[in-house]
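Look for subunit A in each of the two complexes below; its partner is subunit B in the first and subunit C in the second.
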Partner chain A sequence: MVDRWLRREDERLLTGAGRFVADLRVPGCLDAVFVRSEVAHGVLREADCSAARETPGVAGAWSAADLPGLPPMPDTRQGEATREWPSLVKNRVRYPGEALAVVLGDDRYRAEDGAGRVLVRIDPLPAVVTAEEAAGDEVRLFDGLSNVALHGEAGQPIDDEVWERAAVVVESDYRQQLLMPSPMECRTILCVPEGDRLTVWSGHQAPHRLRSDLARLLGRPEKSIRVVVPDTGGAFGSKSAVFPEFIVVAWLAERLGRPVRWIEDRRESLLVATRGRGQDQHVRLAADADGRLVAYELTVEADVGAYPHLGVAFPMQTAWMATGPYTTPQVHATVRSVLTNTMMTYPYRGAGRPEATSPLERTMDVLARRLDLDPAELRRRNLIPPEQFPYRTPTGRVYDSGDHLAALDLALRTLDYDGWRAEQARRRADPGALPVGVGLSCYVERSGGERGSLHDYVGVEAGEDGGVVARCGASSSGQSHATVFPALVAETLGVDPARVRLVEGDTDELPGGVGSFGSRSAQIDGAGLQHAATLLIEEARERAARMWDLPVEETAWSDGAVHPVRGTAAMGLSELVKRTGPLRIDERYEADMAFPFGTHAAVVEVDPDLGTVRVLRLVAVDDCGRALDPAVVRGQAFGSVVQGLGQALYEGVPFGDDGVPVLGNGLLDYLLPTYAEIPPIELGETRTPTPRTPLGAKGAGESGCIGTPPAIVNAVADALRLDHPDRLQMPLTPDVVWRAAA
Partner chain B sequence: MKITLTVNDEAYPLDVEPRRVLADALRDDCGLTGTHLGCEQGVCGACTVLVDGEAVRSCLLLAVQCDGVPIRTVEGLAGADGEPHPLQRAFSAERGLQCGFCTPGFLMLAAGALERDPALGEEEVAALVGSNLCRCTGYEPIRRAIMRAARDHRNGQEA
Partner chain C sequence: MKPTAFDYLAPGTVGEAVDALAAGAQVLAGGQSLLLEMHLQRVHPNLVADINHIPGLDALTVADGTLTVGALVRHKTFESPGAVPGPLGDLFGRAVANIAHPPIRARGTMVGSLAWAHPASEWCALAVALDAVVELRSTRGTREVPAGDYFLGPFRTAREPDELLTAVRYPLLAPDTGVAFTEHRRTGFSFAQVAVGAALTIRDGVITEARIGLANCADRPLRAHAAERALVGSGPSSPVFARAGETAAEQDAAPVPEPYADVDYRRHVIAVLVARTLREAAPV
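What follows is the complex of A and B.
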């Protein structure tokens, strides 16, 4: 029954045998519950835990005042520690839900009993929840310091003359709303101290980074900490950092010498999990009379949340990617990162590229209307042609490869673009028909990481038993690594995939690692594993050459065995290891970033009287170079399109006047798409391998969050024939659409 | 309170507080951690189990309400001989799971429906899939998996 399960992950996950952190049972483990601020901004006057400590089943309760040595959140910015982010609030609350105290109980029920008895008094301050509001500094999050925490730019400023001379200039404002990444499993950490070791179990994207962060914070050697990532229930960018709650839990576990865990619940998650996007944008796009782009300017006001520690420079990703897939000769992007009374903004699937793609693609459609050009034709005139790669953009990126026109053409064909335009014309002539709109979005993303994180640990080891172990620093949260990476190593070695198993997500089992984020695992770890397997073949041939007293060129490798070029006596890996000793390759593999791309298209029907949007068709054509496992890539592409649909139409974080998110009814208020919202979605692929690795894989899995939202919004604007697209801001709720249509 | 939970045909005598929710009793007292908690407010459906044949959100039910009532969880889905349930095969074949966290809920929801009506049609399946949340797959593979399982189930019965 070899073929019973398509993926190696499937059997345990389908039979209830998966092991997520909350499933691990450690005797004597205490559950942590945090007492959280109900106000967005205020001065903490009192957090009295004495009654909580008397609660049956409560092992302890602490506010910041009770834990003077508790380390604060690490600050990734060099030499700037003036804005401290305490792990428990010391005197100032800066975002709703910020942790004021922690209660440990024999189980969650006891700990919550205790948490309910912590007495808290906060004097509220006015809260600022948008970058625009906060940038004025009327309300300061840190006394004596501006809320503006970073200025950045990419490209060169554009002369006024350029705008004055251009045949057409389009200006518009857009809001990239805050989104909750919302993996189905919220954040988790379980810390188990044993002797001089601390074992940390966490659903996490970067176990080695978590280990080094905790080691530094707790002041102990890295080797004394083991981080293990068991099954992880999705992440989408939200599980790659150390968080205040993690520090509290690790600190208390160490101090008490007892296992402690924190299993975040959805209510907490909606308040204090990292959020994505959060940008207010202004754009100017200039073109000549033929529709050739002349200049593009993007101004970003980024809401980075209450503390600048991890996400402050992150909006630069949007600035660097502002050029998009076009040959625009002049592009200038500026970023202002502003502190607001919200939990921090941090990478969420797409991470900076959706925020770059959306304003450009929406403005392209306005420009097309202004020029009376078909939006597909406008894009065709400006897409970077294949022969111009590698292409250096005015905003500092060097795109590796691409065939954007091929992706656009495939998307148009798959959609039946001309057919829908004809249907649109038919409906426009029929006063009784609901309008349809067609929207396009051409995107380019960056995958692999930034300088400094474009490498990972990879290794391949052959055993005496004929088995092969592949090791890498990636960390799966649903991406099928245990299936895909062994298959790749097996293919490279020419052995049966069943002989190869993957080890990842355990710092004791790996000499190092970076993790899985920014669509880097296939591109960096995949290419690295292929490289390591190739090195293993070379080493095997050298050993065989010595053994057989032949020059190495007289040996060859095929089907998992080395053999003399002349002759048939092959020697398999297991025999070779038995004869010559352990055979193991450990490498630090480094490669450059790559730039996946594609075109997404949407057809929508809008009811202007009700403001409702019905998506009739979505097409997503993506190019991620070589797909290691095309079905796995398609699965991720599909899910990603649905998350993009969520941003376009449903998801958002509304705030009350007090600065507290209006999400009191949890997932009944934060609207994740359900099956009832899924339109017909068709995927297409073009294949342009990256020349930057022999493998040719670029990142996959984030494309839908990048390409889909502007395609849908453009389709709605097209249906309504809107000249001023800034009236349509995501999510396109019936209220938003109805007002725009009015 | 002393109760007995009967889960997957096995009896678990428990002494639980009246406030203890069924999901916690299953996970922590019975050690059946295949049932997952995704929202604890009855929206996401990751914790769906069968109570007396009906699919329920086990985060919204108290353990004491289930005293003596037969319960089935994902651990009891495969046949007694260990043969996977048609749904388990179909979810793998159609790639109806990625991270797998929501999967037990979808499996039990569909298992309950299939047992009640082996001739599940497109509309019924669409309604089923629309009642739980998944953040990885985009649902379509889950819909296909349930349709495939319904087909296999029928064929199996005919054979």
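What follows is the complex of A and C.
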């Protein structure tokens, strides 16, 4: 197996030759700027655009009242049509930053000048920004309707008796704070109408879905829209939907017959980009005297944003994954999704699994302390052993494969667990030394997608020139698809990887596509491409057999050429295509979901006087089945570990009393980890292929967001020897740690 | 966000610059705060006077025991050991490492920081602690204002809108002065939650002079007078420094709550950090 495939995208991206939506120059293109609400909740009395229209360089300015036909956001939830999400506010503002009017200008500067002249009057209403406040329905986002948008559960309720009889029961509350996905490139869309076609350029994770959403909203045939995804600077889940701004831009471009684009800036992004997490949780975990888990109960209150959307049902991901990697016989998870005056909560890297892993792993550490057991030993006693796979969990998942103990052991060895425990003991004996803590987190997650999105469209085509084109419905936003997929196809065909080229992110190239989210690209599209390449080999052999008048069994394939089993006269793909005509395989490939897993470990040093946390060491052992290109997988693991570090220590959305996030100074207020914060990170891997595809790859890339935060928090709790960790809520900013230590 | 429309002027002399200021211009020095504020549309100058082309404003001179820092001396200048002699240079070197990150330090200026008067600014805290004097020029003439009278509140100073801050002057510190600077912040590049600079003179085992500057401990930079009084005349010791820290926190500071740093936490950090800074300035 290769360790590193020829990298295709680095030179272009690292030398500034990448082409992102904002780099595309289209003559006559107008820039859209949105006038945004400065209040979180209120009644819109007026949004008067007349002065804006008179501003030099402004091509037009409109509020909802000026655009009666403007379609609202598509409602992805059935039966909630009464809770309409207008693309521009009609009469009620429900989250800060919600768009009140749009101004189109010759460039962004002029459009902003115009936007500054839109007169807005809003009568503020009280805002509710937490699920707890909102669930009481004292302030309703939709008159006459409850803010509670969904109740859900996974597993069976657990009898009181179970808790009463258990040797130990640990109860805790946790907050999974709201996070901003913060890709380097914020959201982008450029709509270019030409004749009866509309070309949409967007940094997007699901171009075909964007096409069908726009087609439905604009009332035009899908075929008349082409969505193209050029270079995209990160997404992390935040670029997989259609957004109010997208609808406005597409609708105006179509009506005006002019190219229009919206390039979201950081300030807008911090206000109105989708956010992740946002759960208040209560857990109960019961064990017998030997530390064998008996029952686990997770209660989730999710703040899902101001309008029903995918985010409403999304916390069910957490419920389904509540069992984690343990053999706990009884698990019950309940979810209540509550509308709040915030932008919608949506999948963010990890998407539901960090929220499942964190409460369980933190509670495991509390349980270990309660039982006076080493936390590694407690986990060892409960991890699902390899022979029990496929493993059906009480919360309805069927884990495909796993060797959780191997991952745990490797993580302990990589960390030098015993060495750090000795160091910890040494420091505890020295009153002048800063305490260190060691934290573990064993996780299992889900990759590939949910029912309905477990397939994708793939294609492999051989050309007369000897080149091979691979096509798939995935869409890279920085995951090295152009490196990995051609190499995979080349390896399957036995041709030089330089001959294979990837085409993706273009709806004209494939009949359909699902996209890149939920750690599905390698697992589904990769397996699909391997499958399509195999079919291409079969087709080549059949054609050769006909040509040579041989039974197919008498032909063979090796090194990119077909040849008779007996004899040496091989025929390469280009010759075959010249002789027999175009050779293209198009497939809809489907495979079941898979369950990557691993163990993360952290060592921290805490300054209890100030509450500062220094991460001395992070270890991430991940198992994503077969790693197609280990270097790419390591890059993904590294990046997600850093984002996990961000959730654990730095990132959060503080709200003012008025319900508006206090993020006026951009990334000086929303602190992301930078190179100065990155500790020594050591990655390790175990390899347990998924039996669900011949390729054996599971998803990789979300692991750090899932496994790392509880490892760090556990390490801090360990350093401070906290018996009850409720006060240690993320992000562990110095003030939080100081209070917990006091 | 984009700035609103503005005119741009690059004066070639201080005289031209103050004429522009009299006409309502706003000074562009390193631009590391101004440009951000303009992009966030929190300031909307109609006219920007870029002083970067004025010869001589980048002078850093030492004469008669006084250091003079011109308006175009960049933060990073103070990273070079020996740029400023003696303990003052040492103190500046310790402080500057806390300001933002290298690209910002390459452009941003010390005088620009004093003009901007961010409550968390390291330079502003040191200016009040060290009895700096700022030099202001306008078409009406030149005046000097002691740092102690200069800072009036967050982003508010005694500078009139038409005055150019041409330089700041500091008395050099005696060679036997012990100095230290410590800072508490959430990430390597964020603004300080609390920062403390100290200069201590100890003669015959007794503290004879103490200067303590506090950044982000109030709505403006502070000199911790009460804590200094508590020190002078005592011998340097951990308990004395701890008491000075508590005094600074309780009597000198007037912390303003911020996300992740409410008043109680901030007072606590001030006490800890002042004590630590003093210990570092005078190892006991």
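In the analysis below, the second predicted complex is superposed on the first by the 736 of 742 C-alpha atoms of A that agree within 3 Å, B and C clash if a C-alpha of one lies under 4 Å from a C-alpha of the other, contacts with A are read in each partner's own complex, and residues count from 1 in each chain.
Operating definition for what follows: contacts are C-beta pairs under 8 Å (C-beta built on N, C-alpha and C of every residue); 3 or more make two chains touch, one makes a residue touch a chain.
Keep in mind that this is a model prediction, so the values were computed, not measured.
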item: Contacts of A:R267 with subunit B and subunit C, given as first, second, both or neither; value: both
item: Partner chain in contact with A:D609 - subunit B first, subunit C second, else both or neither; value: second
item: First, second, both or neither for A:A676, with subunit B first and subunit C second; value: both
item: Which of subunit B and subunit C A:G639 touches, first, second, both or neither; value: first
item: Superposed model, subunit A: greater residue contact from subunit B or subunit C; value: B
item: Set intersection of subunit A contacts, subunit C complex versus subunit B complex; value: 108-109, 265, 267, 665-666, 668, 674, 676
item: Touch list for subunit A against partner subunit B, complex; value: 4-7, 9-11, 13-20, 22-23, 25, 107-109, 182-185, 231-234, 236, 265-267, 477-480, 631-632, 635-636, 638-643, 665-668, 672, 674-676, 678, 681
item: Contact set on subunit A toward subunit C in their complex; value: 108-109, 112-113, 116, 265, 267, 609-612, 650, 652, 654, 662, 664-666, 668-669, 671, 673-674, 676-677, 733-736, 738-739
item: Parts of subunit C lying in touch with subunit A, wherever the complex brings them together; value: 1-5, 40-41, 184, 186-191, 193, 259-262, 265, 268-269, 272-273
item: In the complex with subunit A, residue positions of subunit B that touch it; value: 17, 19-20, 24, 27-28, 31-41, 43-44, 46, 73-75, 77-78, 84, 88-89, 91-93, 95, 97-104, 107, 126, 129-143
